[in-house]
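This is the structure, below, for whatever I ask next.
Naming follows writing order (A, B, C and D), and every chain is counted from residue 1.
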Amino acid sequence: MELIGIFKYLYEQLVATGIPQVWVDLISLVASAVIIFGVLALIALFLVWWERKLSADFQQRMGPMLTGWHGLIQTVADAIKLIQKEDITPTKADRPVFFWAPIICFVAAFAVYVTVPFGEGLIVSDLNIGILYIVAITTFTVISLLMAGWGSNNKYALLGGMRSAAQVVSYEVPMIVAILSVIVFVGSLSMVDIVESQALIYQWYIFRMPFGPIAFVIFIIAATAETNRTPFDLPEAEQELVAGFNIEYSGMKFAMFFLAEFINMFTVSAIGATLFLGGWQGPFLPSWVWFLVKTFGLVFVFMWFRWTYPRLRVDQLMEFSWKFLLPLAFANLILAGWMKYSGWFNW
Amino acid sequence: MGIIKKVPVYAEKFPGGGIITTSLNYIFSQSQASSLWYLLFGTACCAIELMATGASRYDFDRFGMIFRASPRQSDLIIAAGTITKKMAPRLKLLHDQMAEPRYVIAMGGCTVGGGPFYYDSYAVEKGIDHIVPVDVYIPGCPPRPESLFEGCLKLQEKVKLQKIQDWS
Amino acid sequence: MTEGLRTEEFQVNMGPHHPSTHGVCRFILTMDGEVIVRAEPVIGYLHRSLEKICENRTYAQCIPVMDRFEYCTSMCCNEVFALAVEKLAGIEVPEYAEYLRVIMMELNRIASHMIWYGTTALDLGAITPFLYSFREREDILDMFEMTCGQRLTYNYIRIGGVSKDIPPEFIPKCKEFLATIDHKIDDYERMLTENPIFMVRNKGVGTLSPEMAIAYGVSGPSLRASGIKYDLRRDDPYSIYNRFKFDIPVCHNGDCYDRYIIRIKEMRESAKIVRQALEQLPNAEVNTGKMVKANFKPAKGEVYSRIENSRGEMGVYIQSTGDTKKPLRVKMRGGSYNQLQVMPELVKGVKIADVVAIMASLDIIMPEVDR
Amino acid sequence: MTFEELTTYLTEKFGDKLELLETGKFEPFFLIKKENLVEICEAVKTDDKLLIDFLCNIGAIDTGEKFEIVYNLASIKKNIRFDLKLVMEYEGAEVDSVQEVWPCSNWYEREMWELYGINIKNHDNLTRFLLPDEWDQGHPMLKNWDAPDFKRMPEVE
């Protein structure tokens, strides 16, 4: 079954009704936005459940068991509970900043998916600056965390917000440089072009020796830091900063941060799968299945990190980024450029 | 939540509108009961039992109960361990910081009524129920994890009986 | 720096309700950015006036109160009080009961170190080790439970002996536990000891020089991590510790990592002691000792008895007037009290994350401090 | 050093400044005068044969007639243990701080000041310690202390 066929059929039916083309485009855009929102909300809820189950497996526990089959609707219950919970704004908070922070975080997390190719042709809009757009939008998250930290008027929240700003800015650079080394090879910023250049398994960028694996590792490390997960979960370090930037948030606003965190994790995994693991490319199965398999595989790696490693200290984190990761990423970029130029490895 | 609280008022004006109220009631109370996030609040011996209950053999997560470090995000405060006169204002502060609906479990003899420190102690608060409203009392010094489970299940029963009209 | 840009120190209140203050310790941290300028511990949030309570209880009634003094190693608390009263009254403890005491105390030491291992990992952000160590701790608690019916506050070691004999299932269960414990500790080590992040977080952090350690009365594993080989089980032997062969692990850097290594090694040594005690356990006569009655009055006198607890020297000072059933004064001394006192010196100039690491490595728990 | 060696050594060294008590059975208990406290503490810390570097514990006792203060001392290097004891009247109870000798005495003395009302001379931080900040009911460890919500355990035979 190819999803794209269904969408094409629906689109043709819409055109056949004879309404003006502008309306057709508008309706299809809105419809795709709704579909993506729904799918991502489901994925986020699933990821929360999966994380809890996985952590339980790592720790020889059961995890959620009593709400639904093996706790499958546990996160739904959590979400409904968070909706009905009282929404507190601290008296001394900076109200507009406090109010907008979770919304920006949530919207930014979803806005990325405009240019993520879920499968062959399954993309809302194939922008020719696709990857640039993604990198730009994901940066919004840090602004929202900074806003949350500042707006809460809480010292722990402020420390958490500052930490996250410092951290995301430092790891953004090696991540982009790692992405650049792929882009240098593809010669295009479009996500579809990137995927199409890795049609066969030995063309996946992770297998392009020697620069591919290095770029991939740099990307994974930087992405872990970008999504604020262990061992780089300093902004919400429970044992130091109680809950970090979201310490004052309750109810729905907290749920927004919570879901956005998981969606961000899915985002970076999707980017990783697209850039290094061939995106939707794969035999036999439908393209979107391949995409999901690869993305969830990367998500699993992130979760694995989280339940294994302790946390770094903030200065060690910075040192690691600026003194090790960044020089490595630049060297790798030069290597990639040289390989592309010499044409030796252009299979 | 103000809006949800208004739903029964309007819905029941229509014939058969009661079904909306009851099903909303069911969904909300069930999800509240199966997702009681507890505040990481432990002072003395009971805190060790609370940790043990969260650990592998007993596993609180089965009931959907996970700990949150921030009182804003937790629904339930398990007062584990002795509350002294110095600590009592802090407990009250934490309870005030929690968002409605919020619940309190008094775990262990000390929080129920002073326990082993009822006599001859000048520093222990004799029972926490004159500081915060308590929903479930669990006696024991310290209570076994099984009795903590029993207390949490009792609390779930209580939560399931709540109606959305009652929310503040 | 731009001219006129002024930075300001600010105060952060850490605790008394904070996930990593091991109960209810409170620090008022004066910080410059993320760096600690000054730290002032504020204690007393768990001050339950145990000493006042003991003054108004008979000697036998004091033992359950001692349980609450340091609930991670309640057996040792019972022992230190019983030891003091036995010295005062000149009570002989039967050999069989002494062996049971040693077995229980060493098992309890392992259990206490397991709590420390779990919470240390938790404080550094790794969650899984916590659940691993609590899994094995449950086995130890099972053994205690089958012996005295409680999981945490045992009231097992009494004045004059132990409250009851071990059940027949105890020894096979204990042997099974001892057979696997070394592998389990290997597991723990695999998770943290060589972990690069763990090492970089702990090495060179919170270095405690031996001079400072002694001056501040730091004792137990934290003192041995600073390079001083001092263990009351060897240097001031109480009970029957002089009958067992065991090493006293010593490290020399005195940082958080050494304190970690020491405690991991101590778990193995404790297991060794339990193994020997089980072998030597006299089967001929099962005599758990004669408990004292409610109207028991030791002779006039005073004594300070001390034992090696998992957190350092645990002592109790008892003064008896000789004509009442109640002690005139019971003063308790816990290792954490002094280790918390040295904290402000250790945390000067470190990051806030290190405060958590240092506190975890010193293994401070609050009931011992506040009493 | 055994009990006897230690006793003779200390009595020879300090003469009539200290007096052996009969109540101590396992470690020697010496009664000293509070004027000599800091002097004796410094002397035992620096003495080559004693090297008392470790202060185990300081405890105040309210005997119902007067205050006693016990210093439990130990040497890690020489493995020696003995105790010093002070006796003083309730009126104007005051003692010198020994934190110059052993820094860890700071908290013990602070606790003594708070719970017994014994004034500590030359102490750098006599502030609220274990009791709540707003505490105004006096010194609770005194034998005759009482408060409205303080219940004594009934006598059971």
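The rule we apply is simple: a contact is a pair of C-beta atoms (placed from the backbone, for glycine too) under 8 Å apart; a residue touches a chain by one contact, two chains touch by 3 or more.
Small disclaimer: the values here were computed from a predicted structure and weren't measured.
**Q** If you average the CA coordinates per chain, which chain's centre is most distant from that of subunit C?
**A** Max centre-to-centre separation from subunit C belongs to A.
**Q** Would you mind pulling out the distance in Å between where the CA atoms of subunit C average out and where those of subunit D do?
**A** Measuring from centre to centre gives 24 Å for this pair.
**Q** Starting from the mean Cα coordinates of subunit B and subunit C, work out the distance between those two points in Å.
**A** Centre-to-centre distance between subunit B and subunit C: 31 Å.
**Q** What whole-Å value do you get for the distance between subunit A and subunit C if each is reduced to the mean of its CA atoms?
**A** Roughly 45 Å, centre to centre.
**Q** Quick one: which residues in subunit C touch 2 or more of the other chains?
**A** Residues 19, 44, 47, 49, 52, 55-57, 131-132, 135 of subunit C touch two or more partner chains.
**Q** Can you pull out the residues of subunit A that are in contact with at least two other chains?
**A** Residues 59-61, 238, 242.
**Q** If I count partner chains per residue in subunit D, which residues reach a count of at least 2?
**A** 130-132, 140, 152-153
**Q** According to the definition of touch, which chains form touching pairs?
**A** A-B, A-C, B-C, B-D, C-D
**Q** Considering the complex alone, what residue numbers of subunit C touch subunit A?
**A** Residues of subunit C touching subunit A: 10, 12, 18-20, 34, 121-128, 131-132, 135, 191-192, 195, 197-198, 200-201, 351-356.
**Q** For subunit A, which residues are in contact with subunit C within the complex?
**A** Those in contact with subunit C are residues 55, 58-61, 155-156, 159, 163, 230-231, 233-234, 237-242, 307-316.
**Q** Quick one: in the complex, what on subunit C touches subunit D?
**A** 43-44, 47, 49, 51-52, 55-57, 87-88, 214-217, 219, 228, 230, 235-236, 294, 300-304, 306, 313, 315, 317, 319, 321, 328-329, 331, 333, 337-338, 341-342, 370
**Q** If we count contacts the way the header does, which residues on subunit D are in touch with subunit C in the complex?
**A** Touch residues, subunit D against subunit C: 23-27, 29, 53-57, 59, 61-63, 68, 70, 72, 76, 79, 81, 83, 102-104, 106-107, 128-132, 140-141, 143, 152-153, 156-157.
**Q** Where on subunit B does subunit A make contact in their complex?
**A** So the residues of subunit B in touch with subunit A come to 1, 4, 27-28, 30-32, 34-35, 55-56, 59, 61-64, 66, 68-70, 72-73, 75, 99-101, 164, 167-168.
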